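Next, two complexes with chain A in common: one pairs it with chain B, the other with chain C.
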Partner chain A sequence: MSSQTAIVRISGISKNFGGLAALQEVSITVGRGTITSVIGPNGAGKTTLINVLSGFLKPDSGTIELNGAVITGRKAHAITRLGMARTFQTAQVFGQMSVLENVMVGCHARTRTGLAGAALRLPGVRAEERAVREKARGLLAMVGLAGQASMTAASIPIGSQRLLEIARALASQPAVLLLDEPAAGLNTQETRRLGELLLDIRRQGITIMLVEHDMELVMDISDEIAVLNFGRSIARGTPAEIQASPDVIAVYLGED
Partner chain B sequence: MHVRKNIPLILLVASVAAAALLITDPYILTMLIFIGIYAIATMGLNLLLGFAGQISLGHGAFFALGAYVSAILTTRFGAPCTAAAALAVALVCAIAWAVGLPCLRLKGHYLAMGTLAFGEIIHITLNAEVELTGGPSGIAGIPVLSLGPFSADSDARYFLIVWCVFIALFVLTRNIINSRPGRALQALHGSEQAAGAMGIDVAGMKLTVFVLSAAYAALAGVLYVHFVAFVSPQAGDIMFSIKMVTMVVAGGMGHLWGGLLGAALLTVLPEMLSYFEDYDMLIYGGILLAMVMFMPGGLTQGLARLSGALRARRTAVRPGAVTGGRTEDPVPRRTAQ
Partner chain C sequence: MSIESQIVQFLFTGIALGSIYAMVALGFNIIYNATGILNFAQGEFVMLGGLVMVWLSVTLGLPMPLAFAVTVAAVMAVGALFERLAIYPLKKPPVLILIIITLAGSIIFKGSAMLLWGKKTYSLPHFSSEQPIAVLGATILPQTFWIIGFLAAVVAALALFFNCTMLGKAMRACSFNPTAASLVGINVKRIVLLSFAVSAAIGAIAGIVFTPVVLMEYDRGTMLALKGFCAAVLGGLGNGAGAVVAGLLIGILESFGAGFISSAYKDAIALLVLLLVLVVRPGGLLSRGEASRLKDF
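After this line comes the complex of A and B, so read on.
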């Protein structure tokens, strides 16, 4: 892949937990505007990879570039501001806040209102508040949660919470969206809708890096797939290539 | 919608005005002044505890520091009250920042222990620094609040000042809650990880709300000291820190009216229970225990449930009010505004 089209470049990332090598020299390039999926058996290091990319964990070695800038070791909130947002494997919504407010929190990285301005409700603050509310409503409509806007986030079903997390992450206007098993716990119909939503997001020019166990979803929507096993990147290619790869088949059928 | 949301506040303003004109009984006025002062302190603590989800068992110390700094500046250095008050709040903010920086790296029980230790250090220091603080016998003869020719020399005037400060702060605080920084600090309560992933500087936000809530406590301490005209280390000891937390919990964590309701309850209740003489603490404890068991969300939740039950009796059950719908069939719900 040429350097012009790469938006995320992961080079030689290693991460150890005590004696366990969760990631070993993993290198993955994510093409701009693609849906790139990372698959692999449980414990392959997929979530660790997301945590390292989003700044929740520091890698032991290796570099991560976003849009050509090295972001390795930056804090999570800084990485979000640089344009990479994420969701969580177990949905982490702000339970006591309304669904709408959850998405409004997502706008934090792209807005400026400080304490004093907020307390005095200055005119600029009012305008920003209105804009944030409008944007959040638009995103809720996009993921199909417009009807639940005023409910508390904890009270909506898990499947809806996952969609809420996606809307909230989109509110930070990311260039890259990292999704950690968004289809977990969804039924077939919900998963199909999720796939349509992800394609829709890609059409808007947002790059998606997807960690997912649902192979049907992955094969349906991915442009590129990278396979991890025991912390190593063992294969990469298009869905068709991955499905035909003997290495991958061996991993998934449990042969060594 | 806008007017309906403001009804409680309008009622409060009206009753403050009416009380200032009508109430002359010094006992009742004094009690109302104390409620106002405690309500200011607990409003700040509620920001930290109820909204941002961070415990502090050291906020009594910020209250005491605000009181002491203003007392020392006015009695020893003859500073005007307003300047002393401003300096006291600013100094407490600086102290809270310095304390919060290491303390807020702690979580849960550890944060509670850290802030408790800070409160104890301040308490011991106030007792020991006899030269500056008067030691255990405290500082007396503190002048009453005054601004130019206006002096709050009567209880009625002091009542008015305290409650005007409360109402002004209430409006400012509500504005903060319903805005970008307010949502960010509530997000900390929901999930620190997700808050970080949303671009919120978690450590910075925690420190900000800690300092802010200390400022409320300091201001309350200033208002307290110029009313009572005397201060001793007991003013902000650990029992008071715990009482502040109890006020927030009993009133309703994460609800702006909670601080006021809790402050009122915990100020009035002991006075009323003094009728039972020896058994007052027993009954007091029993009432608080029952509240925690049956109204875990505090008085505000209890009131909300009550009004909800009344409304449900009046109108038929709306569709969709029971559970959240699935994504494919959004329940017909009135959206806010």
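After this line comes the complex of A and C, so read on.
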């Protein structure tokens, strides 16, 4: 197992929907500065896990620690402010706002001026707005959307919306980025570019937790992989270890 | 008075009236965008703005600008308090229930105002001279220009706020996608609170500038809310520019209707417009053929 210190520690998380146990006693440790992927067949509880981590669902039991602080049960906006940002399986962009503005709004968690500021210190507010605009442009360049900055978010292709969502998540200066199937619906070339982008993000010291079906992408870029099946964590290890694990092979072959 | 000068006269009266409707409609839109709620207490903020201003500047004798600022702040606080006490505590309520709560709020505001101020009609001095200005044979009160000016100022301030401040962008983001907004660290509940405060402030401003011309009493809010609502629907719910255009249009129609047909039908005109819009173009005047943005109905 990795020797890095843990940035996210998921301990014994359970979540039931009525009679369905979506997560049962799941424990996963995410090492600081790694790309840790969560894989598993459909219905294994991957998206539920991300929803619990990001505060969109409350777990029935268990704890989640981010940087040593317990964040279980905190609201989504508070968790973002504490340094964990996420994207959605279906990109959730602000469709009627421009691509640039979408990323600017992402900076919200890190801007200071409140209503009083907006009302009274107009020069300061303008300066902040300019700084945020510059930062957002930089992030758009990084994900390769600089050319689309002034288009409305709804008008760009799904693949680009995914990248936009990643740029917006990065705007909140997260320590941890949770990505829910970012490669879904992307073609091979787009997926390769996404992989490069994720490695780029990791190089900047941001930890990535990736839920993904595209095995090639997962095996290419992950430092660690955790496998979920029917809400249980059944294996974890490096890509090589996972590919060799009889349990994992059984789960995936059993699916067919 | 010649027909031309009559037209000019009615036009200015209509624009002044319409400016108030536009401000009420803007208030409707801000809360609607943040929450999907139609706040039928919106007219009461106008009434409160007028009456609090009268109390501060006439009864207590505060200087006009100070009374103005305190009134806006006070009505803002009322709006925020209303949200915290009546809207915030409910967990995921259906929007229809929230709308009915705003109707209840409107009744409570009206009743409280009656207890505080009685059923008297109050007047407020004009902001500047009451000497009418002659324009093309019509006589226009200077206060009319104050009203139009304040509408312009409110519109400019809102445009600046929504487009050029991070908080404004956050509010717009909430209206487009609350889930994604909370995901980027926006406290959606606080944005809802803010939307009530801002709407109340706009209502208060409308009440303050309007009172010198038409006087104010405790039960004015309901009709103003109704007219403002008509303007908001005519402009396309949630559409700021639409609200202003539609508010002015309804004001002008009303003024011409009262002048050329009969003042008895004055209030019917806005409702007639509302009915027509709902039948012919439910998305509103300025809708771009996209699916109407009516949220939860």
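The working rule: the second predicted complex is superposed on the first by the 246 of 256 C-alpha atoms of A that agree within 3 Å, B and C clash if a C-alpha of one lies under 4 Å from a C-alpha of the other, contacts with A are read in each partner's own complex, and residues count from 1 in each chain.
Everything that follows uses one rule, which is that a residue touches a chain if its C-beta (ideal position, glycine included) is under 8 Å from a C-beta of that chain, and two chains touch if they have at least 3 such contacts.
The model shown is predicted, which means the values in this text are computed figures rather than measured ones.
Per the definitions stated earlier, placing chain B and chain C onto a shared chain A by superposition produces a clash between them. Of the two partner chains placed by superposition, chain B and chain C are both touched by A:108. Within the superposed three-chain model, A:146 lies in touch with chain B and out of touch with chain C [touch as defined at top].
Using the contact criterion defined above for the overlaid structures, shared-chain residue A:159 touches chain B, although it does not reach chain C. For chain A, the partner that touches more of its residues is B, with chain B and chain C as the two candidates.
By the touch criterion stated above, A:98 is placed in contact with chain B alone, chain C being left untouched. Looking at the shared chain after the overlay, A:193 reaches chain B, while chain C stays out of its contact range.
Of the two partner chains placed by superposition, chain B and chain C are both touched by A:85.
With both structures placed on the common chain, the touch criterion links A:217 to neither chain B nor chain C.
Applying the stated touch rule to the two superposed structures, the overlap between the chain B and chain C interfaces on chain A comprises residues 54, 56, 75-77, 80-81, 85-86, 88, 92-97, 101, 104-111, 113-115, 118, 125, 128-129, 132, 168-169, 171-172.
Interface of chain A with chain C (complex): residues 54, 56, 75-78, 80-81, 85-86, 88, 92-97, 101-102, 104-111, 113-115, 118, 125-126, 128-129, 132, 168-169, 171-172. Chain contact summary for the complex, chain B toward chain A: residues 172-173, 175-176, 178-184, 186-187, 189-191, 193-202, 208, 212, 254, 323-328, 330-336. The residues of chain A lying in touch with chain B in their complex are 54-56, 75-77, 80-81, 85-86, 88, 92-98, 100-101, 104-115, 118-121, 125, 128-129, 132, 144-151, 153, 155-157, 159-160, 163, 165, 168-169, 171-172, 189-190, 193. The part of chain C that touches chain A in the complex is made up of residues 161, 164-170, 172-173, 176-177, 179-188, 194, 197.
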